[in-house]
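Sharing a structure, written as structure tokens. Questions coming.
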Amino acid sequence: MTAPKLRLATVWLGGCSGCHMSLLDLDEWLIELAARVELVFSPIADTKRFPESVDLALVEGAIANEEHLALITLVRRRSRVLLSLGDCAVTGNVTALRNPLGTAASILQQIYVDHGDPRGHVPTGSAIVPALLDRVLPVHAVVPVDCFLPGCPPPAPRIRAVLEALLAGEPPPATPEMIRFG
Amino acid sequence: MDRTELHAIAERELASRAPVRIHCCMAAGCQATGAAELRSRLDTALAEAGLAGRAEVVPVGCLSLCGHGPLVSIVPDGPLYASVRPDDAPAIVAALQGAPCAVRQVDRNAPFFARQRPVVLRASGSFDPERIEEYIAVGGYQALATVLHDLSPAEVIEQITRSGLRGRGGAGYPTGLKWATVAKSAAPPGDGPRKFVVCNGDEGDPGAFMDRSILESNPHLVLEGMAIAAYAVGASQGYLYVRGEYPLAIQRLTKAISQARKYGLLGAQIFESGFDFRVEIRVGAGAFVCGEETALIASIEGRRGQPRPRPPYPAESGLWGCPTLINNVETFANVAPIIQHGPEWFAAIGTATSKGTKVFALTGNVRNTGLIEVPMGMTLREIVEELGGGTPDGSPVKAVQTGGPSGGCIPAARFDTPVDYESLAAAGSIMGSGGMVVMDATTNMVEIARYYMEFCRDESCGKCIPCRVGTVQMHRLLSGIASGHGSAADLAQLEQLSQLLRETSLCGLGQSAPNPVLSTLHYFRDEYEACLAASKDPG
Amino acid sequence: MVSPSAAAPAQRDRGAPPADNRLKIVEATMKRHQYRPDALIEVLHKAQELYGHLSPELLALVARRLHLPPSRVYGVATFYHFFSLAPQGEHTCTVCLGTACYVKGAATLLAALEAASGLRAGTTSADGRLSLLTARCLGACGIAPAVVLDGTVVGHAAVEPLVERLRALLNPAGA
Amino acid sequence: MAAKTLTIDGTLVSAREGESILEAAREAGITIPTLCHLDGLSEVGACRLCLVELTGSRRLQPACLTPVAEGMEVRTSTERLREHRRAIVELLFAERGHVCAVCVASGACELQDLAARLGVTHVRYDYLAPACTVDISHPRFGIDHHRCVLCTRCVRACDEVEGVHTWDVAGRGTAARVITDLHVPWGQATSCTSCGKCLHACPTGAIFQRGSSVAELKRDPGVIALVVAARKERW
């Protein structure tokens, strides 16, 4: 009898999806991975709702809007181990470059009016785009995070090293080679 | 100038005095409540009453009870008037001739006065600090004369060592030992003065005004102490660094230096000895960190007041790389009395490890606000409750803060702590320069910790990373907790940063910046936890 | 404020304007210190006392005369809180935020003054009439809370009388 | 000059009198992290990364400024020191805007290296995210204050090696900024000789060559020590 498959989720918040691309760069190892995990939630899977009882959640991206905030709270509640994957999740990174510019309202004003069309206006009213938070935050500033893998994006071999350790129930390697911002 | 001449000046001065003196306090506190106008009204009232010659109005230094100024004292043996309005002048003058007087009087036998032991402040409030003759009349410059005539530099240092005097700036380093180090340190070759004496008058602790008061009330006492120190360590040039916030002190010191020079008490060949000593004033420009001695040196050199790691200590390599003695105002003010009355007399005051007296600025929520000088070893309870008279509305005192942003808050339960260097440190605070702020139940201790951290954040020079950024982070955490947005994790981080700043900051500012946090966490943790319990963002 | 560079040509005229004298005093201060670089802070004190603030022209002049790199003069001038590189208001109101004043309500006092003046602490009104400032500790703790209005210390300061005095200062006619 | 024998992390090390612990350790192959130190420049002891434990001393001492002494026992990498160093590096990352992903110095940055070596996987503190300026008024160089760590290596290189003192620090605390001349745009700083020593001295991507893109920065911090050494040879 084989061990039950580990329930894996990958989450895409305020980021460019580069970390997910890097994950896909694992090429044939993904087939090996598929044999050991069940992908229960991911932008590359079809599920729309974040399921219960997730063993490992890989989170790409920073917390930049209301939707991210709601999702990460749910992810945290339903996941045993949460990994911040890549610089946006770990530091805010490029997504957080807007922080020095001020609050969400002030930034929208600058983008749409001041530096855009002086006769324009800030789009309001529709519920299509989630409201921006005043400050972009790294994931651990919002919910507790169990491990961190920086990099923009983290190269595929580093993602693999972390996953292999976590699948084996060990702490991920913390050698200098594993830590590289940017 | 020699000793005979000094005595002659003193006698002339005493002979010229009117039999009755109306001492009108002209220290900064009383000036701010109308002392200048009062003084001129007293002069007018005296003239109108035809008492000129029989009585005189004398502007004097601090009369101690600053919170109830303007203060007027009738000498000899007359009453002490408090909260005097200019309109009270005629009544005070009339009282000299026996008329009943309704002006508020203060009992000189009250504990606030009776329990003080003035050494440094002995002559404050009894003469006009702007006239050197008055200082000479109360025995001024006699210690310097004695030293130059009768003692070798080594003997002076030996006397200071025997007295047990320790630095009054806060850390309590033995003064005699510091002097001996500077005396022994070889001056580098070069032209001009190669050893220096610096008086640290950059009294930066908020809630402290001992040095201001001493400099305003008795500037010559400090100059005399500096001159004796210079003789002892072999320096010929001194700098007196005074806060820019103290214009009156600067003005009086400037006057005092020029008067002393005129009499040959400063300058070349003092008391016709081979000893030369010149003093220059350097005015601080608003940087708390300049109280740290290496930052002070940088500032005197005209640089950004940034500290540098020690060793080497200034005693070996200070101003322009030369051996430099740096003592605080009150330390220098203790020197002449020690020489005059002997080290044994001094050592008999105080405790086994902390000799002499300490001047405190007693402020905050306390009935008797003012400047006090008490023997070391008096308990906080005696100071706050007996001298201070408790809180104005009689409610219980909650804590007393000593040592400013580098110190801590001691709760009422620990008020049996005696004021000496070791006991205050054991209670989680420091002696500091002498600020003592009384707090009652209305004071929120988390808020006080936040207040001090804001101070340190704004005063951090920015040179070393732990202090520069750590104070910002600690202030954010404290603001969050105080405003009901804190978590248990924030509290843990606060403690982690406290440890970091203590152990890794470059200078005393950063190393001691966590003290108000740690002492309030220690004694008033319940107040932090109450903030967390009320938190809107439980972690 | 007349900048030193603007004042310099006037030096040659007879019946020189006050600005000319100010420059002479700055020069005399530097001379008294034998143009020693360590006199920098003393010289900046004097210059600020005369001009109210330290303009770039003034700083450049001091740097040249004391043989100091301009960046060092600028570094010193911006390190110390006393020095101001921007002109101060005609009137200044400085609230002491020392501990003694703080436990006696200085923060409330400051908030009331901010509300009454419409200024944030540390700023000057657009018309240049008033600067609302804070001090670390004036050492006037005995009469806390203390406020300095145009150089005069006000002890035991209370909100309403202070706001009144501020109004009177700004509208001497009682307008 | 007399030799001194001391122990560093349990290893017996022989050092020249007057040498710093940092130098002695390096010769013995023991790396102590630094940031404000640069070979050829004076020491300021400001970054506090090279703090070490000395037997018999309660205080931690900066290795860069502490001379070796006979019989000294030095510990350079205890858990306490490693934790403090991580915290200091994290404080720096939180102070301004260090975004390695878009930085010219990525791959050649001492701050980035420190994070990796010290095991800084994330920053515990709030990012302060101040709005900083970028000055590209100089024809060859630029400075992005988001990336400045206030190590003052540029200030010292300019003053001590080039000898013109174009750079200094203005303001204080976390509001301090390196400036050129009277805080004029760099391109208008008449004292600047455009020698580029500040560029070589900068540990991060704060000072950069114009026109270089992400991870393209070319510089050689060793140049400063070379110039200083070469200057001692007079003809």
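Lettered A, B, C and D in written order, each chain numbered from 1.
In the analysis below, a contact is a pair of C-beta atoms (placed from the backbone, for glycine too) under 8 Å apart; a residue touches a chain by one contact, two chains touch by 3 or more.
Keep in mind it's a predicted model, so treat the numbers as computed, not measured.
Student: Could you tell me which two chains share the largest number of C-beta contact pairs?
Tutor: B-C
Student: Hey, how far is the Cα centre of chain B from the one of chain C, in Å?
Tutor: 26
Student: Could you tell me the distance, in whole angstrom, between the mean C-alpha positions of chain A and chain C?
Tutor: A distance of 52 Å separates the two centres.
Student: Once you find the CA centre of chain A and the CA centre of chain B, what distance in Å lies between them?
Tutor: 58
Student: How many angstrom lie between the CA centroids of chain A and chain D, rounded to a whole number?
Tutor: 33
Student: Could you list which residues of chain C touch at least two other chains?
Tutor: 72, 75, 79
Student: Among all residues of chain B, which ones touch two or more of the remaining chains?
Tutor: Those would be 287, 304, 459, 461.
Student: Could you tell me which residues belong to chain D and also touch two or more other chains?
Tutor: Each of 126, 169, 171-172 in chain D touches at least two other chains.
Student: Can you name every chain pair that touches?
Tutor: Between chains, contact exists in these pairs: A-D, B-C, B-D, C-D.
Student: Any idea which chain B residues touch chain C in the complex?
Tutor: The contact residues of chain B facing chain C are 28-29, 31-33, 66-67, 69, 203-209, 212, 243-246, 282-288, 299-306, 361, 363-365, 369-371, 401, 404, 435, 437-439, 443, 448, 451-452, 455, 459, 461.
Student: Going by the contact rule set out above, which residues of chain B touch chain D in the complex?
Tutor: Residue list for chain B touching chain D: 287, 304, 308-309, 457-466, 468-473, 476, 493, 496-497, 500, 503-506.
Student: Mind listing the chain D positions that touch chain C in their complex?
Tutor: 159, 164-172, 179-183, 191
Student: So in the complex, the part of chain C that touches chain D is made up of which residues?
Tutor: 56, 59-60, 63, 69-75, 78-79
Student: How about chain D: which of its residues touch chain B in the complex?
Tutor: Residues of chain D touching chain B: 44-48, 51, 59-60, 62, 65, 80, 84, 87-88, 91-92, 94-95, 124-126, 128, 149-150, 169, 171-176.
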